[in-house]
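Take this structure first; my questions come after.
Lettered A, B and C in written order, each chain numbered from 1.
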Amino acid sequence: MAKNNKTKKQRQTTGIEPLNLSAQLSYRGAGNPPNSHPSQAISNCFPGLESDFRNVWRRIFVGLEMNEADTVVVKVEDRAPAELQNLLNKRLLKVDGQPVFVHIRGPHAVENPGPDFPEPQGLVGNLPSNTPASASISGMEWSNALAHVISKAGQAIECIFQGNRPSEEIRVQLIIRSFFDNEPGNETAAGRAVISKDLIRPGELSQSLCSPWQNDYLECACYYWAASRPDYVNVEPGPDGTSRGNNWIQKDQSTDAPRSYTLDGSKLLSYDDLFRAWEKLLKFQIGGKDSE
Amino acid sequence: MRLRHLSWGHPGKTSARKGHTGLDAAGAERPNHVPPLAARDEATYLLNIGAEIEHALMVQYLYAAYSLEPKRFSGERAEIVSRWRQTILEIAREEMGHLATVQNLLRLIGEPLTLDRSEFPFATSLYPFEFRLEPLSVGSLAKYVVAEMPPGLNDPEIRRIRRLAKAGNVGMPVNRVGSLYAQVGRLFEKISDEDLGKDSLGFQARGSEWGLGYKHILILNAGNRAEARAAIDAIAEQGEGVLTAPKSCNDMPADSHFARFLKIFREFPKGGQWRPAVQTPIHPNLCEPGATNNWSKNMEAGRITHEETRLWAQLSNRRYRMLLMFLSHALHLETPLDAGDKPTTRGLLLTWTFGEMYNLRSLAGFLIHMKLKEGQRDSDRRVAGLPFELPFSLQLPEREIDRWRLNRDLLQASMSLTAEIAKISAGLDGAGVFLRSMREADQAALAIALSLIDQNSPVSAVRSAKSKVARGVTQSRAAWTAEALAHRPAPNAPPTTRAARVLRNARYLERAGRRASSGRDPE
Amino acid sequence: MPAKEIFEIRLLPPLVIGRLGSSEQPLDNYEAQVPENDPLGYRRLVGAPTFLVSTKTGEITSVTKPEVIRFRDEAKLIRPVCPFVEVWARFDKRGALVPLTSEHLRELDLKPADIKWRVVAANLKVSRRTGDKNDGVEANTDWFSDHAIKQLQGKSGNFVTNKFILFGSVRYIRPNPRFPQIRLRFTPATGKVYGPSIGARDANVVETVYDPEKGGWLNFFDGQRDTPPSTSPSDIYAGTDIDNGRWHISRGYLDDECSGTIEVEFTVRGHKLIAYSHFTAGPPTFAPDSFPVRTIADELEQIALGPNVSPADADQEKVIDIVRRALETVRLINTAVMNGNQGIAGLPVRAGGQFANNNNMAGQDTSYQRAFTPIFDPSVVDALAIRARHERVLMAVISGTPAWFLPKLRHYTEVGDLTDSGRRKMPGMMRGADALYLALTRRQYNLVKATAPTETDLENADALGNTIARGGSHGQKQ
């Protein structure tokens, strides 16, 4: 999305049309490098790096605050209508006719089941009766789950929550907030591309991230973001034709370190290393190779 | 393929029966080698034939699919042409799956792979028509319907289609490949257990290696007799034939090749109201005139003489060769079956194989926009097509390092041809970026090949010292590591090994559940 | 035509990202360009117009195009990303937005000093977990109109008196005749770690700011009674494991990242104009020539334009962009490790009865009682092979091939499909925001779909990819 914007000269002859959301969102700002733009900020937020974008959805329903990472109501505003008041801690199931959860399914046979795993019993979707119901379904991420209702800002949408008993359903009409700062009917605000203050207040975009952020760098082997946190660097073909290279966070970073990727914790940077000296120890990768 | 000793007879009879047009229930007529071979050897013979047939069908169907270019149309026609193209491409991929499964069966009985086939055009006693590369038409569709038809169907529609396919004229039974596989299945019962190599599984092609989510491509493995039978039955059933004769067209499963071709046939315009397919040549070729025995008017008509087009066609032949050689090389490398076995370059070579499939598809797209003949006028709408010509040899070198030398040679030759084409074809829409990215991919592949040759040849010890310099690391970090290594862990430092925290987040759900139920704090 | 009034103002870009670094020199501007001769290669970082701001006066003194992009300065300190935020204005109801300049202000009888700014930045990482509002760390510049550097001093009710965390600074850039635009610059912090004031010296923290007598962050643990629901994932703060990993005890650390809001306000002829935008600060992009396959920009595009794509909007360039980003992502991943291949990278096949290499999605799946198996066939996941695969797909889409691989993309409803075929969809081996397998945004999926060949009847079958698997214990098993 980040186009190569030219520098804006003194008197702008071409501008941005006020209703053109794409142009505003893709605009990078004069003098701003590409990595200051959301097009280089990851969004598979678990929890995320530059931000935990999941937080923007918490107050998407007027009167409620949802968990950023689960489809559960964590707070009901005091001035919310009565029918919303008993939604606290309830799980949202459907929005405007579409489910906001997925079923988990897959082969169940567990290798070496320990005391924590139930005995193998067929498909994951058919778990034994004493398994918590939450294990076989999971809340969908908000972004994709709600994509079809964002355009209905200001309107009431039918939402279905799970009641106190598994078979019980609670149906309510919830109003979708305007995502951007443009309340329906306000002509001046039409076309603004800034996330509404009602959805994001200072600190909220980053509140569920790791503390400190360095903590994320070692844990997150599988859920990461190669542009910001590379894994496999200096990769080249080995004598058997398969790759060899280095682990980005290995301790031995000398030029003649063997091209051997290791997961042996004793050979990798530790949390303490990162807390103290991340700026010195972590190398930029240009072209997949150690640079500065 | 050598069919001179192939005979079709009833069990117990050894003489061939020529001109046999009627059919008993499939299986009553059996192919066999005259004189009979030992069971394993005869199975090899028939599987070789099967492999050639699958390969030829695949190429023929690809050529037909590539003659369909949806973007020439709009609206409903574009959609229907796109659907036909997709369907035929799927069928071609399924033939590829059969080809791979046949290779697996050969492996199981310890026999070499075969990716060879007869040059187009050719006829066989297994099919009622000549194999040839031609654009999709009513006639060719009729042929494919008839080719994929099980024996015994005889309703009026089918008779009409057979007439269109001119199947009756050739005087051969409809489709005998089902019988071929059935006979292979029978032969497997006679092959001893010791001759069935379970350890061949590491060499066999695996569906999971192919990837890309094709749901109906059957690449089946066989480690024993029962699995072999199941594999044979599966590929026979998918398209070439069924084991019991159906009563009518509509009895055939909708996902069979027959049914899918029949559907396209029914939809295809019969009266020439519009022309769905680009008129690619019949038998496009780069042959020198008179060089082959089956030179014909069609061969001359299909000969690509336009200078620029020739280069592109040569490139496509080259990529076809690379496809076959990479695939062959991959299947000669054992793949790890147990957790903990080291991977080989098999994965890489398979990736390169798929890359060549994409390349051929792209090249087909270019060739149908290029002039066929040198000096051709603009008003002459003749275009070229993929010749799918086989290289002089498909033999794979014995030693691994020599195979990599071959890969190197193939890549280098292709790169120089690509460079030549880039100069001439600067103006062709999309050609530039395609050729550049092909060159880039080849360069990266060549680097791997050279590196492998380098590191495995006797002088590699000397060379590896030089390669360190070439790594491109710009700064020494020795100064920093001293500080990083010198620190001592703080008291109560969290464990540094991965193993200790390995299931942390994996169990958060579970832990959250436990906490919720116990409400207990730690001591 | 001189400006007569301002109908509306906005701050653009509406969301900017600062990146930590302790150098005094902000990172230069550059473009990450796909090389023409190398369409499958790494983007080249090419200098772009970069403003030099005088520390003394706060004005832009020059604009240059650097020859070489350096991410560190001479002292090897990382150069932070300090983005500018600009005021744009609409001078009439039907006009376009254009950057506001001091010349416009003059025409409206205003001066730069009539523009008021306020920046509120906060780090709520602790209060999010403890639920204690006083654990929130907030910096508020209050309204200002001058061009001095305004530090963002993050204060908290539970800090030691007079202590704060420096979140960086903001500056209202002084417009001048050469660079008259009205803009503000955010400079993020340096990436330091702060901690609790306890007796022993902790080499990890640069300063002790948190008072454990006032607040409960030190020794806090996710799951503690009467605290908000844990984050997901949980236990992602610096801490120590006890009770066999069951509880993770916080060491009371904080960092100097923040996110916040910039507000601007001024009055034109009695008409008050306000606008705001957001910013956040994160770590540097350590592979700046690689772009992630799914980004916040993709999210915002989906929000702005909706998840559906009409055939008229089919755009091969968008598909090329997605595939290129997939290549750029996978290029830096050790795919054999991420796949769950065993006996590699210095780990044995098994440790303690479990497969040893399981800190990956395959391992995470066991928390749903799914059997541990590598995701893809282990023989094809070496990094070179996977990279080559993506390069070839990119090649094909660059040369105009319709996106035949659509069935291979994970639909957003399929993120819980942990069968073999489900896990092998794309993006592979990566986690999504719901802890399950990453799916592209619906809009990204539909962009690919818009260029894909027409579906045949077969492809409409079973979206969960059940095959007609027959025969062979090593055949296609679901």
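Remarks
Going forward, a residue touches a chain if its C-beta (ideal position, glycine included) is under 8 Å from a C-beta of that chain, and two chains touch if they have at least 3 such contacts.
Since we're looking at a predicted model, the values are computed, not measured.
Between A-B and A-C, more contacting C-beta pairs join the chains of A-C.
Ranked by distance of CA centroids from chain A, the top chain is B. Per-chain Cα centroids separate chain A from chain B by 40 Å.
Our note on geometry: chain A versus chain C, Cα centroid distance of 9 Å, whole angstroms. Residues of chain A found to touch two or more other chains are 135, 219, 221, 237, 241-242, 263-264, 271-272, 276, 280, 283, 287, 291-292. Residue positions of chain C touching 2 or more other chains: 203-204, 232-233, 238, 336, 347, 355, 359, 363-364, 366, 368, 382, 384, 420. Under the contact definition stated at the top, the residues of chain B that touch 2 or more other chains are 342-345, 348, 448, 487, 490, 493-495, 498-501, 504-505, 507, 509-510.
Listed in rising order, the residues of chain C touching chain B in the complex are 36-41, 200, 202-204, 221, 223-225, 230, 232-235, 238-243, 245-248, 251, 336, 341-343, 347, 349, 351-352, 355-356, 358-359, 363-364, 366-368, 374, 376-382, 384-386, 388-389, 391-396, 398-401, 405, 407-408, 420-421, 424-425, 453-459, 461-462, 465-476. Listing the residues of chain B that touch chain A in their complex gives 342-345, 348, 404, 447-448, 451-452, 455-456, 460, 468, 471-478, 480-481, 483-485, 487, 489-490, 493-501, 504-505, 507, 509-510, 513. Listed in rising order, the residues of chain B touching chain C in the complex are 70, 79, 82-83, 85-87, 90, 201, 204, 206-209, 211-216, 218-223, 227, 229-231, 233-234, 254-255, 335-337, 339-348, 350-352, 354-355, 358-359, 361-362, 365, 430, 433-434, 436-438, 440-441, 444-445, 448, 487, 490-495, 498-512, 515, 519, 521-522. The touching residues of chain A, counted against chain B in their complex, run 116, 132, 134-135, 219, 221, 234, 236-242, 251-256, 263-266, 268-273, 276-277, 280-281, 283, 287, 289-292.
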